[in-house]
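You will see chain A twice below: alongside chain B first, and alongside chain C after that.
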Partner chain A sequence: MKRTVDVSIPLGPVHPCFKEPARIKCETRGEYVIAAEVELGYMKKGIERIMRGRPWQEVMFLAERVCGICSVIHNMVYIEALEAMTSIPVPERAALLRVIVNELDRMQSHILANFSYCYTIEHETLAMYLLDIRERVMDELERITGARVTCAYIVPGGVRFDLRGEDDLHLRAALAIIEEEMTRYLQMFATGPLIALRSRGIGILTKDAAREAGAVGPTARASGMPETDRRLRHPTYQKIGFSPVSRDEGDNYARIMVRFEEVLASIGIIRTCLDLLQPGPIRGGGIPGAGEIAYSGEAPRGELSYFIRTDEAGRVLDISIQTPSIMNIEACCHAMLVGVASLADVSSTFVSADPCIACTER
Partner chain B sequence: MSGYLYQNDLSSMKLAILASTRHDRMVREIASELGIPQIRLRKRMMDRFDMLLLENLPARYEQGMREREQAPRPGRELGAGIYTRAVPLILEDDMDAIAGKVRLMIAEGRPHEEAVEAGRAMIRELITR
Partner chain C sequence: MTLLQAVKNFVRSKSIHVCYVDVGSCNGCDIEVLACLSPRYDIEQYGIYVHNNPREADILLVIGAFTPGWEDKLRMIWEKIPDPKAAIAIGNCPISGCLFDRPHTLIDPPAAKHIPIAAQVPGCPPRPTEIISAVLSVAPLVFRDYEVAKR
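So, the complex of A and B:
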C-alpha cells in the first residue's frame, strides 16, 4: 500500500552511530516520522543451520558466537537447556559462579549500550567515561573465565574454572570502584539538562505497544513491565532474592536509566553471590543425551530462548534461537520511531533500544 | 513523494527467514486454520511485512494465541487479534466488518460454526486476492 508522504529517508546500512549494519527506511512528513521499516541481511551468519547435525560440544562454541557482546548468556542458556533436558545436576558453587559471570557480562553489555547512546546524542565525555569503566568489567570477566568475549566458561554440570581467593578480593575491589564511578555517571546522566532535552519524552514505547511486539529486557522494563525479567524464574536468582528494576516513562531516558540501575543491581547480585560461595566442587559431570526442550534465560537485552532437539548421541538435530533484539528492534521501529518529531532523534531512539543486529540476523 | 535510489530485492532473504523451524510451524498452523496454501500465505507475508516483523512473527503469534482465549466471540474463533495485530495480514477495519457480518448471520439464526466458517472464507478471500 502506498502512502503519500513528503520524503522517504533511509538511514544506514552504514551509519556512524550504529555498531552494526541495518537500514531504517523512514517515511517523513517534514521532520515528523510517520512510519519506519527495517532492512536486514547485511551480516546474516546462518548459524542455526551451521549448528544442525553437529554434536552438542561443537554447538556449545557456536552458540556463544551468535553475539560477541552477550556471549556468556548464549553459552549459559544453551548449556542450561541441555542440563534441563537430561536432568544434569549443577553444584551450588558452580551455579553461583555462573550468576557472577553472567552479571559481569550484563554489566559490560549495559555500559556499552549506554556508551552508544551517549555517543549518539553527542555527549562524548560521558560516553568515553563509560567505555573506560567497561574495561574494568572486561578485565574481571577475563580474570575469572580466561577470555574477554568467547569464554566457553559454562559446561554441562558446572563451570570450567574455579574462583581463586585472590580473584575474590580483586573482584570485590573492582566492584567498589565500578559502583562509585557508575553512581557518578548515573547522576551525570540523570541531571544533565542537554541529555534530558535529547532523551525525555522521546521515542515513547507504551506498555500496550511493548506487550504487542513482545518487547523484553530493559526496553520492556522501561515501559513498566518488570515481570518480563526471566531472572525471576531462575532458581539461583530466586535463591539470592533478586528483584527487577523498572520504570514507567517508556522513553529514551527511561531505557538508559534502567540500564544504569541494572548495572548497580548487578554489583549487588555479584556481592551476594560472593558472600554465599562455599568451598565445593565446580563440576558435577553429566553428558547430554536425547530430548527436546524450549528454554529461556535473561540476556542483557532481554529474554533469550533456545529451542533444541537432540538425538541419543547428543547431536543437535534441530535448533532455533529467539534473541531479544528481534522483539526490541521491532518494537522500536514499529512503535517508538513512529511519531518521533525530529529525524535527529531516529538514530538515538534506535540506539536506546540497544539493537544487536548480530543477534537478530544470527 | 520521493523514492529510494538504492533498493535491494529482499525476497530470498525473507524466504530464508520464513523457512526456519518456528516460522514454518507458524505458517503451517495459520494456513491450516484459514485453509490457504502455505505458499500463498508466505507470499502474502513477504509482500506485506518488513524483515524485522518477519523475524518477530513467531513471538508475536505466540503472544496473540495467549491473548486469543480472553477475546470475545466471534472474534476469538476468527482470530481477530491474531490476524490484525499479532500477524497483521489484514486491516482492523476489514476484520471488524467481517466480525460484524458473522454476528449478523448468527443473529439471523445461522448455526454458529457455519457463520464462523463463512467469516473465515472472507478472511481467506482478503488474504489470497
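So, the complex of A and C:
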C-alpha cells in the first residue's frame, strides 16, 4: 500500500531541547507522525579502538569517559569485570561504599533526566527545582569521591577513599532533605493537570514492543518489565534486599514516574548500606591478569555490558561495550514515536526515553 | 565615544546569549554547562541566557573533541552567529583532545583548527563556576566598543 507522507521533518542535530547532537527524521501526515528514524554519528570518538592494546590502568579512565553522566557505573562494571576475571576479593566495606556511590550517581542521573523532560514540556519551575536538588546530590558525590563527575573512585580490590569524619552524618542529613523535596516534586508531577495533558497516553511503549526492541532500564520498567533490572543479580544488592520499581502504563508519564520512584528507592538503598557499614579495610589490592569475561551491570539507563580479554601483563587485548541507550533509542523510534499526535511531543517523547548519545556512539 | 556606542555597551553587558554545541564530548562538560542553569549558580543573574540557537547567540561554547561528523558543520554554526561573537572551548577535549587523542582515535582536535577560539577553560570537566567566570571575563573584551575597534 502506498503511504501518504506530507513531509519529512528533521529535528536536530543542534536543537534547543536536546543536550547532545542527534537527528530525528519524522515522516509526518499533517503533524501526525507515521514513522521516525534516528540518525546518529555526530559523537563517534572510537573509544574502543583507543582502548585496545593499552594497560588496564589507562582503560579504567577511558571507560569512565564513555559517559560523563553515569561515569561511576562504567567504572564499576569495568573494575568488577576485571575482579571477576582474576578472582580479586573485595572487602565488605568497599562493596557497600561502591553501592552508595553508584546509587548517588543513579540519583543525579535520574534527576537530570526528569529535569530534561520537564524542561522539554516547558514546565520550567519543576525543572529548576529538580536541577537545584541535583546539586545537593552532586555535593555528596564530591564529598565522598573528591570530584563531581569522572571521579575514578573504584579500583580493583576496593575503593580509593573511606568516608571521612562526619561524612555519613552529612550524607544522612542530605538524604533527609532530598527525600522530602523529591516526595514533594513527585506529588507535583503526579497531580499536575497540565503535565498530565502533555504526558499521559503519549509515546506508549507496550510490553510486547518493549520486549521486541529489547528495551532496558526505566524505559522497560515503565512498560511492566521489572525483571530487566540487573541489580537483582548483583551480590551486594542481593544482600541488602532490593526490589525494583515498575509501572504498567508505558507512556511518558510512567517513564518519568519510574525515575522519580527509583530516586526514592536509591535513598532507601543508601540508608541500608550506611546502617550495614562496619569498620574495616577498604582496599585489599590485587592486579588483574590474563582472562576473558563478559560482565553486566545496571546503569541508570539500563543494562550495561562489557566484554574484556586481557593478557598476562594486564593489557586489554579486546574490549567491547554495550550501552543501554542503543536499545532504548531503537524502542523510541520504532514504537514510541509512531503515532505521536504532534511534533511538540516528538522531542518530549525522545527525551523521556533518556537517550545518552555519548554512550551510544562512544 | 558616541552616545550610541555607550548605549550599545550597556545593553551588551547585560544580555549575553549563549549557544552550546557538543562536538563529541563524553557528556560531562555538557552537564556542567547545564548545571550553570541551576538556581545555585543561576547563570541568568549575570544576564547570560542559554538559548542553544546559533542565530541569536553571542557566545558559542564548544564542548568536546572534534569528531569527523562535525567536519564542516561546526564552521556553519559559527558562521550563522551574528557579529560580535566569540567562541569558548569548555574542557580539555576541545583544547587538546584530552585522553581521546591517542593512536587509532577518530577525533581531530583542537577545535581552534576549525573556528577561532577566544578563551579556553581547562578541566575534565571544569566546574560550573569556572565556566561562568570565563563567559563573564570574555564578554567585555569582545563586546565593549566593538564598532570602534572594528574601524
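By definition in this document, the second predicted complex is superposed on the first by the 357 of 362 C-alpha atoms of A that agree within 3 Å, B and C clash if a C-alpha of one lies under 4 Å from a C-alpha of the other, contacts with A are read in each partner's own complex, and residues count from 1 in each chain.
Following the convention adopted for this analysis, a residue touches a chain if its C-beta (ideal position, glycine included) is under 8 Å from a C-beta of that chain, and two chains touch if they have at least 3 such contacts.
None of these values were measured; they are calculated from a predicted model.
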Partner chain(s) touched by A:Lys44 [first = chain B, second = chain C, both, neither]: both
Contacts of A:Met138 with chain B and chain C, given as first, second, both or neither: second
Partner chain(s) touched by A:Pro279 [first = chain B, second = chain C, both, neither]: neither
First (chain B), second (chain C), both or neither touched by A:Ala358: second
Superposed model, chain A: greater residue contact from chain B or chain C: C
Partner chain in contact with A:Val7 - chain B first, chain C second, else both or neither: first
Touched partner set for A:Pro21, first chain B, second chain C, both or neither: second
Common interface residues of chain A - those touching chain B in one complex and chain C in the other: 41, 44, 46
Parts of chain B lying in touch with chain A, wherever the complex brings them together: 1-4, 6, 8, 10, 13, 16, 20-22, 50-53, 55-56, 58-60, 63, 85-86
Of chain C, residues touching chain A in the complex: 19, 21-32, 34-35, 37-40, 51-54, 64-65, 67-70, 73, 77, 98-100, 102-107, 124-125, 127
For the chain A and chain C complex, residues of the former touching the latter: 13-16, 19-21, 41-47, 49-50, 52, 54, 58, 61-62, 65-69, 71, 112, 115, 128, 131-132, 134-135, 138, 148-150, 356, 358-359
List of chain A residues in touch with chain B within their complex: 2, 4-8, 10, 25, 37-41, 44, 46, 48, 211-214, 307, 318, 320, 322, 326-327, 329-330, 333-334, 360
